[in-house]
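Next up: some structures, all given as structure tokens.
Two complexes, one shared chain (chain A), two partners (chain B, chain C).
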Partner chain A sequence: MRNNRRLLGWLDERTGLKKIWETLFARKIPESKGSVAWFYTLGSACLFVFVVQVITGVLLAMNYVPSPDHAYDSVRFIDKQVFLGHFLRGLHKWGATFMVVVVLLHMLRVYFMGAYKYPREVTWMMGVVILLLVMAFSFTGYLLPWDQKAYWATAVGANIAGQTPVVGSHVAKILKGGEEMGVATLTRFYALHVLVLPILTALLVGIHLFLVVWHGISEPPEKTNRQIESN
Partner chain B sequence: MDGSSDNTTRFSRRHFLSWIITTVGAVIAAVLGSTAIGYFISPAFQRKEENWVDLGPIGTFPKGNPTKVEFVQRMRDAWVTTERRSSAWVLTSDGENYIVFDPRCTHLGCPYHWDEEKKQFLCPCHTAVFDVGGGVVSGPPPRPLDRYQNKIVDDRLYVFPKPTQVKT
Partner chain C sequence: MSAWHEEYLKRYAQLKERGRSFFPYAVFKDVIVSFLLLCVLSALAYFVGAELGDLADPTDTTYNPRPEWYFMFLFQVLKLFPGRLEAVAAVVLPVLVVLFLFSLPLIDRGRERHPSRRPLLTGIALMTIIAWGFLTWKGYTSPLTNPIVEKDPLVLAGHRLYQELKCSYCHSIGGQGGLVGPELDKVVGDQTEEWLGKHFRDPQALSPGTVMPKLNLLGDEITILVAYMKSLGSGPFTEEAAKLFNENCTTCHRIGKEGGDVGPNLSAIGSVRSKSYIKSYIEDPSRANNSSSMPAYKGQLTDIQIEDVARYLASLKGNK
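Our next item is the complex of A and B:
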């Protein structure tokens, strides 16, 4: 016990650990009760699901090959052969679904509580970009199992992008990595899914969280006089 | 935890909540962590698949003379199955006990052949000579012909095409 404290003291002297801990975790938050208090947990829920997605995603990448020859078989291999592979892939798949749900709920709570207002506009904007990144994650990740559903869902997505006036056909080609869907589409989506998007998301989540801590959590909206009277 | 600043001896609300959070967090971390670690280290505990190759019914092998048998070995590497054409020399004297030789000379791995007249295995590369039991008669080989493990199941001969050395 005493040794622990000495070690912590030693670390704190050299890293400011205590201050960091107090700033991040022992900060003051607005008093709230009942269901309103639960709404404040949605942001943390997003972060938690993101961390789960990163961990499970890294592990899945160890047994996955983004090539039409191997993609489907390697996913099957994870499902049928690798120890706990089925469970891990299940976590990633359900985590992906939850991510979208939780991020949207988080956005709704910020919107309805008016927490996006001055001075937190930049936090909100970062959040909007993160929402788009989550959607991009969903779209690119959906192709990777390379089964019928994945293939045709991406074909539909690319066709939708192709409907954009003027630049549509170019956008579709950029998405597909060529004229037709194929090898280049899969490698392209994989690179986006495991390299580009995670880095961008981590960066933006970092900024988002910095701003959250810096501003402090917004108070729940107060009831106006009229609402109080009508109660 | 900064809850330690609380001087009351009873179990405070703050303590209770932080205890709950820590416990639930630990359980979640344990489930996730053990899954991740299990998945990651599972190759260490993987059983190696025994790849016995079926060489056909035992009646087809002539007694006394070694016969060269061609077979296709299917090898599984994760989700990739590769087929490799391979061969072996099968020797039996009674139709019940079999010796299966690796088809490569123990000197430098050249394929040897059976000389029917001399009743010897001859290797063309460096004129190595083995007797019918695989023992070195003359030439540079350091040891007798390597063998494959074999077994008979339901009157069919199976080999495990991994060379095992015969002690001299």
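Our next item is the complex of A and C:
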């Protein structure tokens, strides 16, 4: 017991652990009554699913080969040979669906509660960018197994992007890495999916969470605006 | 700073003062929800899993992917905006939605936060959710979502055999493959099944001197190869095809007794033209005939509709 306390004290002196704990966890938040409180769990649920995606994604990347000649076979290998590989793919695939759903639900709760209002505007804007990143994850990840569905869904997506007025054909070309879908498309999507998007997302989620703690979580909205109570 | 901003901050500070500690008050609920999510996620991963379809085949342009379910509504919306307007539905609308979301805190700057005090925004969101649900439901229940998705198992098997036997060493389909033999999607539409069967059994018998090898195929293998070859010529089409033809083409073309005579009679077009020729002609007649007086339909009809009509026409062999 005393040794523990001494160890903590030693650490705290060097890292400010106690202060960090106080700012992040022992901070006070407005009380929300009844079932409303549960809506506030959606944000941390987003974070949780994101962490699941990162872990399962890293494990998948250990056996995946991003080239049109080997991608399909490597995914098949994960599916059929790797220990718990099928389960792993299932987790990552359903995690992707959950990610979209949970992030949208979180956004809806913020929308309906008007929690994007002063002083939390930037928190919301970061959120919208994160939403776009989540969509980009979904789109780039879809191609990676290189099966029929992957290939043609991406082709359709690229065609849709290609319809953008004025810049369309350029956008489609940049997406595909050329006129045709092939090696360049796959390596490009892979780099986006496992390097660019995760780094950007982690960064933005970091800012998002910083802002949430900085402003404090909003109180549940009330029908009538109460005045400040004099004590 | 607006008048209410300062007041809000003061009141918030007060609420916070009287509030609860984030840990364990909120963290407790967070952990429960995340744990439940993990359970559902594991169950889905274990019992449903993630499927892996057939290897991607860039030559198979008839494959129609179904979108992820949360994008199904977009497919339905695309149907409401035919032809050139598709760009509006596919790109302009989503961009507007994102811009709206992004600038929402700048648009709605009042003090009111309760949903019942912001009826317009609450209404917009509820309508959007209902519309999304309705379109998703429509997407899954309407049989015409992907008319061309249905694939004959014979055709699929034939396609696999075609790949195994490396026919693409000599032949091309959809512009992919070798040039020793003819481009199959352009020519096989002209052949009868009987001719194709005989030709596979012994190419020399029908095309003396051909370099196409005799492959000693089994009867079953010939059946599926023929089915695959015929699918290149045309393929299953929907009831909508005839309707589309009536709406767009009968002013100039005749099928049977119905239609005009500005353009050629198409009652037996399938016996002289392949599906890919017809498709390309509908898309842009000037490609095959630079003095054409027929309008181009690319952009006018969707790609799926053109494919559908082309298959319908390719099936007309004049025996009706």
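As a convention for this text, the second predicted complex is superposed on the first by the 224 of 231 C-alpha atoms of A that agree within 3 Å, B and C clash if a C-alpha of one lies under 4 Å from a C-alpha of the other, contacts with A are read in each partner's own complex, and residues count from 1 in each chain.
Just so it is clear, a residue touches a chain if its C-beta (ideal position, glycine included) is under 8 Å from a C-beta of that chain, and two chains touch if they have at least 3 such contacts.
Being a predicted model, the structure only gives us computed values, none of them experimental.
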Contacts of A:Asn63 with chain B and chain C, given as first, second, both or neither: first
Can A:Phe50 be said to touch chain B (first), chain C (second), both, or neither? neither
Taking the superposition as given, does A:Phe87 touch the first partner, chain B, the second, chain C, both, or neither? both
Per the contact definition in the header, classify A:Arg76: touching chain B only (first), chain C only (second), both, or neither. both
What's your read, chain B or chain C touching more residues of chain A? C
Applying the document's definition of touch, where does A:Tyr190 land relative to chain B and chain C: first, second, both, or neither? neither
Once the structures are superposed on A, label A:Ala26 by its partner contacts, choosing first (chain B), second (chain C), both or neither. both
Intersection of the chain A residues that touch chain B with those that touch chain C: 26, 52, 76, 87, 91
Using the touch rule from the top, collect the residues of chain A that touch chain C in their complex. 24-31, 37-38, 40-42, 44-45, 48-49, 52, 68, 72, 75-76, 79, 86-87, 89-95, 97-98, 100-102, 108, 111-121, 124-125, 128-129, 131-132, 138, 142, 145-153, 156, 160-161, 163-165, 168, 180-182, 216-219, 221-223, 225-229
Residue ranges of chain A in contact with chain B within the complex: 22, 26, 52, 55-56, 59, 62-63, 70, 73-74, 76-77, 81-85, 87-88, 91
Help me check something: in the complex, which residues belonging to chain C touch chain A? 2, 5, 7-12, 14-23, 25-27, 29-30, 32-34, 37-38, 41-42, 44-46, 48-50, 52-58, 60, 63-68, 70, 86-87, 90-92, 98, 101-102, 104-106, 108-118, 121-122, 125, 129
Chain B residues within the chain A interface of the complex: 2, 32, 35-36, 38-40, 42, 45, 78-80
